[in-house]
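Shared between the two complexes below is subunit A, which pairs with subunit B and subunit C, respectively.
And then the complex of A and B:
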């Protein structure tokens, strides 16, 4: 398949790097200021070296990547809330040109799921978005395989940063600020960790899950969201005395979304440590299904993108 | 205590007169109460039992012990028709008697929550009292941790005993009371019903 990759952050970069390994060709790459286009395939190394060196990927305009010859648009620009722009317009342009879309950007399917589905209905192209939930973990394809009607609920740990902070606080008896600073030093938390520690990122993933389970109708505004900033170390100590711990847990059902710190058994399935993610699916005929793995990271998330691309073949 | 240890006329009368109409035989129940250490408290607590058709079998007034709230625990064995038991417990609560436990199987659901925030400043004992009053659940265990002293953020682990099927409702009430007082609740994840 020929890919047009929008966004050259950690995920977009890894998609460009790994596409060949999965049998695909990148014919266009764009960041917010420039684009590299080659109908025979861009040279991944050259493009990424230029990005590193000059901050641009090529001499073409970003918009040219949307019209360049390709089968699939890989939308990996940063997630935006509300109108989910410019990601949503990219999705629209690709679908109107009857191209497929693979999303790493959560915005369009979290905030405007019904609009995306409407556009898809009128297009010969399809939209897949495995990479938006749980990074490398094949959550959405598992739901698709079972059929959304056979999944009553999805819950789990969907933000590695928050999970790292809580599991370090519990293990070391340290306070929130201390552990957050450590996480930032390690590159686990971003300089501005708001999205992660306030639960927004986990909530967006749960909203996407709720949309898939309930065939749309959800956005971040309807989700009940609480973060982990106000959890004192003493709360984790009290939990541990009782064989329990606290994790930022997201829950999604066809009816709605709830994200917040919750008490769970210390040795239970959901008490994953570090940046690991886990998703638990409640199925109608097959009991509980647990899938865990790396929920973030460039190459990890890029594998989910490329799996989607391969599904479109 | 011996003078009220036996069946009182009112209680025995109802208990013996009612079984046929209630359609079942009397069952034995155990209720644990806590009382303020003042004259008349015990008698006042026992009256609702008799008035609601309970037959007192024994009373164990644990004068040597004291509950975390500084009250005296009392264990009451009684018999009554099965459907009367709830009315007896409700009547006790209506009189302001704190029922810690009323037959283990009836309060078979336990749930633990964490409360965080300015617990002391916001009057922890009032918080707990209101949780018990509103949720019809009993606080059976409380652990408090205030490492920065009482005027900073502290945490409490509260274990509640609720009637079968009522634990989630009790957690919801804890959440409402906490919100009102600016406290945070870490609720348990109930995996069955998200």
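And then the complex of A and C:
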């Protein structure tokens, strides 16, 4: 397939790097200021080297990537809340041109799921978004396998940064601020970790899951969200005395979303450590399914994007 | 889709019971002595009640189910080794009639994978077999998502009976014979548990995984298999002193299959308890993925069959 990749952050970069290995060709790449376009396929190394060196990917305008010859738009620009712009307009432009869309950007399917589905209905293109929930973990694929009607709830650890902080606090007996600073030094937490530690990122993923399970109707505004900022080290010590620990758990049902710190068994399935993510699906006929793996990272999330692309063939 | 279901054991029965819930119609059901056929759909309750009452499902001959009007043959007769008959001939008949095949019977894809693929190439029908590995765990679907070329190895706990025995032995300090008898009382182990405790069942699943990862070439004869019969309780005690435990672990790579008891960390990911199964996939670009869930059971395995059927639409 021919891919137009919007966004050259960690995920977009990895999609450009790995597309060839999965049998696809990148015909356009755009960041917020520039674009590289070649109907026969851009040179991935050259484009990414230029981005590194000059801050731009090519000499074309970003908007040209939206109209360049391609089968699939890969939307990997940063997630935005509310109207989910400019991501949403990119999705609309591609669908109106009867192209497929693969999202790594959570905004359009978390904040405007019903609008996206309406546009998809009028298009020959389809919208897939495995990469928006749980990085390399094929959770939407598993939901598709069982059928959304046969899953009553999805829950799990969906933010690696918050999980790293909580598991380090529990393992080392250190305070929140100390561990967060350590996570920032390691590159696990961003300079502004608000989205991660306040639960927003996990909530967006759960909103997407609720939309898939319930066929739409949910956005971040309806989610009940609490973060991990206020958890004292003493709470983790107290939990440990009882064989328990604390994790930021997100829960999605067809009815809605709750995210917050929860007490869970220390050696239980949900107590993944470090930046790992885990999703549990409650099925109607097959009990509980657990899937864990790398929930973030450029190459990891790019594999989810490329698996969606292959599904569109 | 219209389904012809061969085999009325736990899995076949559940497929007949659940097909309607997933939007499919059962037009033929056969056990080894009889068949029920109705182009408009058999009455699932009536067929299963008759089987319970009289030991037969209907008045037609079993072979009639193979020629009855259907889109998909669901092959759920008992797994056989070597030539994998009569399952293999059922697969051939369906493919030669350009029908799809969904397998719960492991024989054809473990023992004669290349023959099945050859027949599939000359047919308008496809062969899917998610139900043959790990019951409700969508492991073949996950391999398809990443692409077999991007998975270097699959390993895990793939036999619930052996896992139940080993986890009970470790937890209760009881001997093998005692726990096996208990498992038989509970219906977790069969009267003749040879296939499970000798590692054959786990090996067949790993052979199927190796065939998928390496595009064929493997059968049970090439697998290196050791069972759990000879493990003394003292070995589990010794392991526990060191924070370890023993599980029957199967490993598949494109090159081959090994199954045997292995020392693993007591609180590690692979140390699932009871009859649960777990599969780990090592991916080239996305690290390790773990999937755990119910690895056997009628309804659980039937969901895998029905998810394959839906994939054929």
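The working rule: the second predicted complex is superposed on the first by the 313 of 313 C-alpha atoms of A that agree within 3 Å, B and C clash if a C-alpha of one lies under 4 Å from a C-alpha of the other, contacts with A are read in each partner's own complex, and residues count from 1 in each chain.
One rule holds for everything that comes next: a residue touches a chain if its C-beta (ideal position, glycine included) is under 8 Å from a C-beta of that chain, and two chains touch if they have at least 3 such contacts.
Treat the numbers as computed from the prediction; the structure is a model and nothing was measured.
Using the contact criterion defined above for the overlaid structures, shared-chain residue A:219 touches neither subunit B nor subunit C, since it reaches no partner. With both structures placed on the common chain, the touch criterion links A:161 to neither subunit B nor subunit C. In the superposition on chain A, contact is made by A:22 with subunit C only, not with subunit B. Once the two complexes are overlaid on the shared chain, A:231 sits against subunit B while remaining clear of subunit C. Within the superposed three-chain model, A:270 lies in touch with subunit B and out of touch with subunit C [touch as defined at top]. By the touch criterion defined above, A:292 reaches subunit C but does not reach subunit B.
Touching of subunit A by both subunit B and subunit C, each in its own complex, is seen for residues 288. Note for the complex: subunit B touches subunit A at residues 112-114, 116-117, 143, 145-147, 153-157, 184, 186-189, 191, 194. Every residue of subunit A that touches subunit B in the complex is listed here, in rising order: 153, 155, 226, 230-235, 237-239, 241-242, 244, 246, 249, 251, 253, 258, 260-264, 270, 280, 282, 288. Contacts from subunit C toward subunit A in the complex involve residues 18, 22, 130, 135-138, 141-142, 145-147, 150, 267, 269, 283, 285-294, 297, 299-300, 302-304, 307, 310.
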